[in-house]
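So that you can tell them apart, the chains are marked A, B, C and D in the order they are listed, and the count of residues begins at 1 in each.
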Amino acid sequence: MPSANRSPSGAVMEPPAELKSGRESLSIAKCREIHRYMVLTRKLDERCIKMSKSGEAYFWVGGPGEEAFNVCLGLQVRKGQGPAYDFLHLHYRNLGVLVGMGMPVLDHIRQMAMTLTDPHSMGRNFVCHYSKRDWNVIPVTSVIEVQYVMAPGSALMQKRHGGEGVSIVIGGDAGTHEGDFASSMIWSSRPGAELPVLILVTNNDWGISTPFESQHAEKRIVDRGRAFGIEGEFVDGNDAIASWHALARGFRHCRTRRKPYMIEARVSRLHGHSSSSGAGREKGEVDPLAAFEKKLLDGGVLEPHEIAAIHNAAADEIEEAVRQAHTEPRPTVADVYTHTYAPSQVDSVYPEDYTGLPS
Amino acid sequence: MPSANRSPSGAVMEPPAELKSGRESLSIAKCREIHRYMVLTRKLDERCIKMSKSGEAYFWVGGPGEEAFNVCLGLQVRKGQGPAYDFLHLHYRNLGVLVGMGMPVLDHIRQMAMTLTDPHSMGRNFVCHYSKRDWNVIPVTSVIEVQYVMAPGSALMQKRHGGEGVSIVIGGDAGTHEGDFASSMIWSSRPGAELPVLILVTNNDWGISTPFESQHAEKRIVDRGRAFGIEGEFVDGNDAIASWHALARGFRHCRTRRKPYMIEARVSRLHGHSSSSGAGREKGEVDPLAAFEKKLLDGGVLEPHEIAAIHNAAADEIEEAVRQAHTEPRPTVADVYTHTYAPSQVDSVYPEDYTGLPS
Amino acid sequence: MATLVQAVRMALHFGEEHLGVTDVFGEDVGPPLGGVFTATQGLRTAWNSPLDERGIIGCAMGIAYAGGRPVCEIQFCDYGFNIIDLLKVAGNQRWAGAGQFDMPMVLMTPSGSGIRGSLYHSHSFESWATRLPGWKIVMPSNALDAYGLMLSAIQDPNPVMVLLPKALLRVRGENPLPGEPADEDALKQMIDAPVGATRADWTPTWPDLKPLFIPLGKGSLVREGTHATVVSYGRLLPLCVQAADQLSAEQGLSFDVIDLRSLFPYDWAMIRESVLKTGRFLTVNEDTEVTNFGEHLLRRVTDELFYDLIARPRVLLGKHVPGIGLNQNYEMNEVPQLAEVLVAMREVATEAA
Amino acid sequence: MATLVQAVRMALHFGEEHLGVTDVFGEDVGPPLGGVFTATQGLRTAWNSPLDERGIIGCAMGIAYAGGRPVCEIQFCDYGFNIIDLLKVAGNQRWAGAGQFDMPMVLMTPSGSGIRGSLYHSHSFESWATRLPGWKIVMPSNALDAYGLMLSAIQDPNPVMVLLPKALLRVRGENPLPGEPADEDALKQMIDAPVGATRADWTPTWPDLKPLFIPLGKGSLVREGTHATVVSYGRLLPLCVQAADQLSAEQGLSFDVIDLRSLFPYDWAMIRESVLKTGRFLTVNEDTEVTNFGEHLLRRVTDELFYDLIARPRVLLGKHVPGIGLNQNYEMNEVPQLAEVLVAMREVATEAA
């Protein structure tokens, strides 16, 4: 929505060109885009929770309550393959990042439905465990925090390559207590060899059942970067506009100064840890989507019926994907060994795909 | 030397009752004691280096250049067995700590000479790899930094037990880059469950051949405690008087507030990393013993001939220990399996000592 | 009857009250959750730790060094691969330190497949664990053994690892624990934390449990027969028993089925005696097949009983693949299931001598 | 002739110049030291890392993901027990990720006993390493194989672990590397960093090396004979050869001695053919004996060749103890030495059929 749309005061109310949050603001067009992806993300999670309960799938994990931060992140990624582009070292809550980057919902559903066509894992891994080479999405592993030790490696290649590629790494608050979080700071900040790692922590105040304040003396996790000279900030990750700008600052710092930046984002956990803990809707947590929709309504950017239409469109798109996924092939016994080893000219036993013990 | 010895100015010069370093001072008696133990420590290291070169032993590691800090530490330990006393989680440079605590030099030499009588390891482990149950000296392992994750465990028992017992953990600067250093801070500072861990780092500016400044963005390692609210300080570990007081503050904090305290001490590495790197005397490093002796001479506390006598006495004591150790029994094939498992009433295969595979 | 996980919980309670257990801890081990499998609900000494497996093991070692008796948990054995160095130190400190310090710690962790857990909730740990000299390793296959092995694990002054078969945690035992109430609903009321808001105020009512120490190193001969010896443990043990019963009923083949229970030290006398009787040996586990603990057992049999064998000794193991896939067509074809157990047992029993 | 460690260094140089190696790194790997065993002196891409093994493996994985070809070092395999989880991820990411990403990383690390290294410079790693599906594991026993296996390790798009036998690193080869200068003093002048102050200004002069790719999965039959098959690798391989020569000279016993070189995948065809010929099998390594890779080899032999064996197949392994002791009376009695190799080989060759 171009700024020409701004109406002089007193005239017919037209939506403003920018939506405000505190002292920051963001263009209406971007807000609409963020909102649309947030809705799609939320609906996708909700549909997957349903699948985990209906018996269509065994397990659900995802990021309801993190849509604002994750979508804003996904939209700012420079996506592509190789060190000229951003690398993504994600964990199991980053649905919104991939949705923001433009992942077809069908691909997410395929992983949930454990089809052979699941491009991320061929039905092998849990949902939200992405792997996408053409977008530099490093295979997500369930092992907490190991992504933090890999990010400096890809950042090293990016720095050496030249350009503005950034290695983004993200995980939860409890996970920062693994030593790998410290390693990430150490390896990103070596004197004269600083690396463009955007170190992100989504703090939802919980590790499964364990409250943050019961284990963490750190008032702010982001403070841990100070001793290493790592710049950073704390942001309300439930505020899409604030998140957008914090991430923009982080990206700018990494892209131009080729040094690390750390952001701790306060987010919500709206459906508990995972389907293992029931995945019921939690009370008392800020809902970033509801909050953003209120802002969009209050700002006159969207009408209630427009919001409803966006929700419906998302639901329809997802329903179609679920239908489609159900028709697709499942892995069979023949798929057990594939992709264990890459073909190799210097291997006399497995020059091609793996077939079990050497024979 | 009681303060009554202080002479009015202008009178016959008598040694002062306290020796000064900057704004701090320490009693002459304590300084003499520290000095004597520093000399014994240095001589012991030098004799062991000789043994490693003469073929009497294979390998040397130790702490020449760390005598000031280590002896001051050893002298302030409350030694004894069990949670009422201090626990020591040491690494391979803490000779001076044990000497300061009163370890017979013969026990150190026995380990160096790999005798069966070596009380620390029965000739199994490298020198300086102590184990001493009656003084709560946890078995030293060569694995860098693992001692830092154990210290909170013993501190937990101490806090629960009541009293003033402290868990002391110490290691080098490079080792702080292992995740275990971060874990130690995390586990010592849990809100409401803070632990009396005295976290020490002896920074000698090197990890084997790798200079500190090439890897560490941290200006001060001790700054890493801030985010966790861990109090601490940096001290010149080559200054015995400064070290004494820094450690005294650390002990007091831990003993009374039952919370962690961190000290980073700048120390020297006078004979390189170990015998693997030749163990020759390095140039350009401050010698804490020479520095302290200069202070003692300048302050009129000791005469040159007194210092010489102290050195000679230490050398004689050590020589006698070497002679003794050479007469003592060596392990034989019969000793291979012993102490693999403690005897157990609930074990039907190994109710007593281990004898190899189940039969 | 109590489930296996209830039996673990009751053993830990007995340990707290009678065997000096000072700390039961790990990720989500304390209230409100009491463990992701409920193993530690209601325990007096249970507490939540930071999300840091290295810290957990280190803390347990420190507690043990200082005179405590800790039971720590690694939430899934799948997350125990960054602590092998610490486990090694826990296992070698006594030997290295001339026998000065005991290390009375227990590490418990769920192991094995069978809960549709995909790559990181399906690992087996025994082939790693048995490579740790200084440690003792047990793995119960039923509630009563879980109780009796846990008590021995606590009592033993050495580090003991208790591998809990994930897939069997909710299976009820066939024999009551000493002191277990007869009514399983009553037991549930007493010791299972309620779901929902009332949990915050809940305290358990513990039955009057009695000690049962199943000696480490003692197997259990759960079926007796003549045609072959089958050694297993954990998730696969009940399948071996089921197969033995089926093959007995359908084909008249009878088996010695040994529940090893204690993986190190193992009951060599029991295995030896059985193989001397049957002349045929099969061991079954689900860990990956290259450098697998079952291969050690086969080697022992070959070492000492080669000339007593009347047929090829064999193993039935998990495939050498990087993970267990979520879609059950992966899992079912990667680790042994009943069908493969039946085939392997029939073959070892009937192969021409 | 070049020493084994010089061969490794030359292979890394060849890798940097011709095979796309982007980074050779680890603790003390870069200047001035060039590795605690000198393996990385003078290399263009060598750099020192923080003292953080987890960071080293993670960084290597990140580099490989981003298109680089890293060779990282764990200073001693003894310090590689806190990284097993990362090694597992490096090995399973391809399978888990539907084959999208290659992982062309090499991890090299000194392994085994023989340098009077006490508990933490004497560990063997092969029985851990071979439990990592997705990885390939090699262990050369001489300079030429070290060169050829390292080049293949670099070239292979999968993670490859190169275990370097600590005790043999300074042993000279019997065959020249392709392009190696004939005069070993000349070679030393060219590629060994000088000791002392001149090192700072030193640059190496590299010989004009040629490629040699020893295929992964190919063993080497280093002695041929008829009485028994002996499979070994690393430090113990030369001892098996020495024993074979001695037993041949003194007792007329001849052996197939197979240098496995590649531990996974291993050359099953070569082992099989040999055992079919001799009917007798012995495998020798120094890793601890419970759940040991040699037990896997024995199991394969039992699986497929049981009825072709004319004597008990056997293993000679390190004892199940928590560590290697410093006093040599420990070490000599904990891991196989020439005397035990001689006994085991004579016994397997002569045991009554």
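Criterion: a contact is a pair of C-beta atoms (placed from the backbone, for glycine too) under 8 Å apart; a residue touches a chain by one contact, two chains touch by 3 or more.
Keep in mind the model is a prediction, meaning the values are calculated, not measured.
Any idea whether B-C or B-D has more C-beta pairs in contact?
Between B-D and B-C, contacts are more numerous in B-C.
If you take the mean of the Cα atoms for each chain, which one ends up farthest from chain B?
Measuring from the centre of chain B, the most distant chain centre belongs to A.
What whole-Å value do you get for the distance between chain B and chain C if each is reduced to the mean of its CA atoms?
The answer is 41 Å.
Taking the mean of the C-alpha atoms as each chain's centre, how many Å separate chain C from chain D?
Inter-chain centre distance comes to 34 Å.
Distance-wise, how many Å sit between the C-alpha centres of chain A and chain B, to the nearest whole number?
So the centre of chain A lies 47 Å away from the centre of chain B.
Out of chain A, which residues touch more than one other chain, so two or more?
121-122, 124-125, 141, 143, 177-180, 183, 186, 190, 214-216, 340, 357
For chain C, what residues touch not just one other chain but two or more?
Expected reply: 50, 52, 54-55, 79, 85-86, 92, 94-96, 119, 133-134, 264, 289-290, 320-323.
Across the complex, what residues on chain B touch chain A?
177-183, 186, 189-192, 194, 213-221, 223-224, 226-230
For the complex, give me every residue of chain D touching chain A.
That would be residues 22-23, 50, 52, 54-55, 57-68, 70, 85-86, 89, 92-103, 133-134, 136, 151-152, 155-158, 213, 215-218, 264-269, 300 of chain D.
Tell me, which parts of chain D touch chain B in their complex?
Result: residues 27-28, 32-33, 36, 48-55, 78-79, 116, 118-121, 289-290, 319-323, 325-327, 329-330, 333-334 of chain D touch chain B.
Can you name the residues of chain A that touch chain D in the complex?
Residues 82-83, 87, 89, 118-122, 124-125, 129, 131-133, 136, 138-139, 141, 143, 146, 148-158, 160, 167, 179-180, 183, 186-187, 190, 338-350, 357-359.
Sort out for me which residues of chain B touch chain D in the complex.
So the residues of chain B in touch with chain D come to 58-59, 114, 121-126, 141-144, 174-175, 177-179, 207-210, 214-215, 276, 330-333, 335-337, 340, 356-357.
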